[in-house]
């Protein structure tokens, strides 16, 4: 399940609802990863663009991988503005076993950072500035620039 | 902070309170690991003994290690009986950065399983049976049995 | 005709152009000075599936998307 | 006199005995058939600090704890 929200995430609502949703499915381990906007370099917050069609496909591929291990993934992300000390991202795994849960949350979060079609902007003096230096080209990028 | 409770943990209360407690400390990542009792082999639940003096020392050593990385740990565990689909264990890390958070929660949970002075019993037909086959001798164990 | 859309921070309106493959799209975009900073680092999707080669054929009505470097979370 | 306490699943009341080091504790416990299943897999703490050698000296009032295999979580 992939949930997108306008603005900051309601972390208590989401992480406790997910816990309740899976309470009867006999998972032994639940690991949510919660990402919060840090106050640094004088930013007022961050802002996000999300391209949903490709994000959905990416998430479904991961869900199938998790299911093959007996696990389940959930994710929530913000669109638009999220101020410092508010949260913009939650990824969670449920698994019968702890090893699968620990390994899956790590790989899922790292691949999310490298691949999910989401763009981040710093909010500064009311302006929205692309965080180019912290962004990562998607694997396989650059084919349009190649010499013939 | 280490919290011990009689019986099952109130997971929503604990994970949302911890999130709120650290909201102003500028951590970018919060990862709670929640352990829930699985229904298997016909058990009614699990039961735990905790030896608090050594558990506290073990936890403080880990807290110092986390602090040296700019991170913070929290943990909650049950004593006594916890029924199937209830939770008995929460470990959590707060860290400025995601890599430290992911690596620390994994190492902390694994060392917890290997070292924390907690004993597990299956609850079956009202009896409390030591889960010997799932238990791990603490590193360095066995000196009393060594031949002189 | 195919449409070419520019995602995230690329400030550019959707284009329509004639193209038989992504080679044709690449040639058209190389004419555009604004695009110089993006072509080397964008991933490309056709009808919302990422593709890895310019040989990808295009047909009438296809949607090509350019995905600049990402940073979710 | 030192006290020896048995943690978790070891069903045994706390002992008091004379011991100058953990060697003396080990000798006393080897006499006890009930303890045979535990001596090879227990960790040992003196005054709530884990120790790694039988040469650990003991003094009057020390507390020795036996920690059988653990399984938290």
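Per-chain residue numbering starts at 1, and chain names A, B, C and D are given in the order in which the chains are listed.
By our rule, contacts are C-beta pairs under 8 Å (C-beta built on N, C-alpha and C of every residue); 3 or more make two chains touch, one makes a residue touch a chain.
Source: prediction; values computed, not measured.
Can you name the chains that touch chain A as well as chain C?
Touches both chain A and chain C: nothing.
By the touch rule set out at the top, what is the minimum number of steps from chain B to chain C?
2
Let me check something: if the centre of a chain is the mean of its CA atoms, which chain is farthest from chain A?
Relative to chain A, the chain with the farthest C-alpha centre is D.
Whole-Å distance, chain B centre to chain D centre, using C-alpha means?
Between these chains, centre-to-centre, one finds 24 Å.
Quick one: report the Å distance separating chain A from chain D, using the average Cα coordinate of each chain.
49
Counting in whole Å, what is the centre-to-centre distance of chain C and chain D, each centre being its mean C-alpha position?
71
Which positions in chain D are in touch with at least two other chains?
Within chain D, the residues that touch at least two other chains are 73.
Among the residues of chain A, pick out those that touch two or more other chains and give their numbers.
Where chain A meets two or more other chains at a single residue, that happens at 35, 98, 109, 113.
What are the touching chain pairs in this one?
Every pair of chains meeting the touch criterion: A-B, A-C, B-D.
In the complex, go through chain A and note every residue touching chain C.
35, 48-51, 53-54, 57, 77, 88-89, 109, 112-121, 130-132, 134-146, 148
Looking at the complex, which residues from chain A come into contact with chain B?
Residue list for chain A touching chain B: 11-12, 15-16, 19-20, 23-24, 26-40, 84-85, 96, 98, 101-102, 105-106, 109-110, 113.
Please name which positions on chain C make contact with chain A in the complex.
7-9, 22-23, 25-26, 29-30, 39-45, 48-54, 65-73
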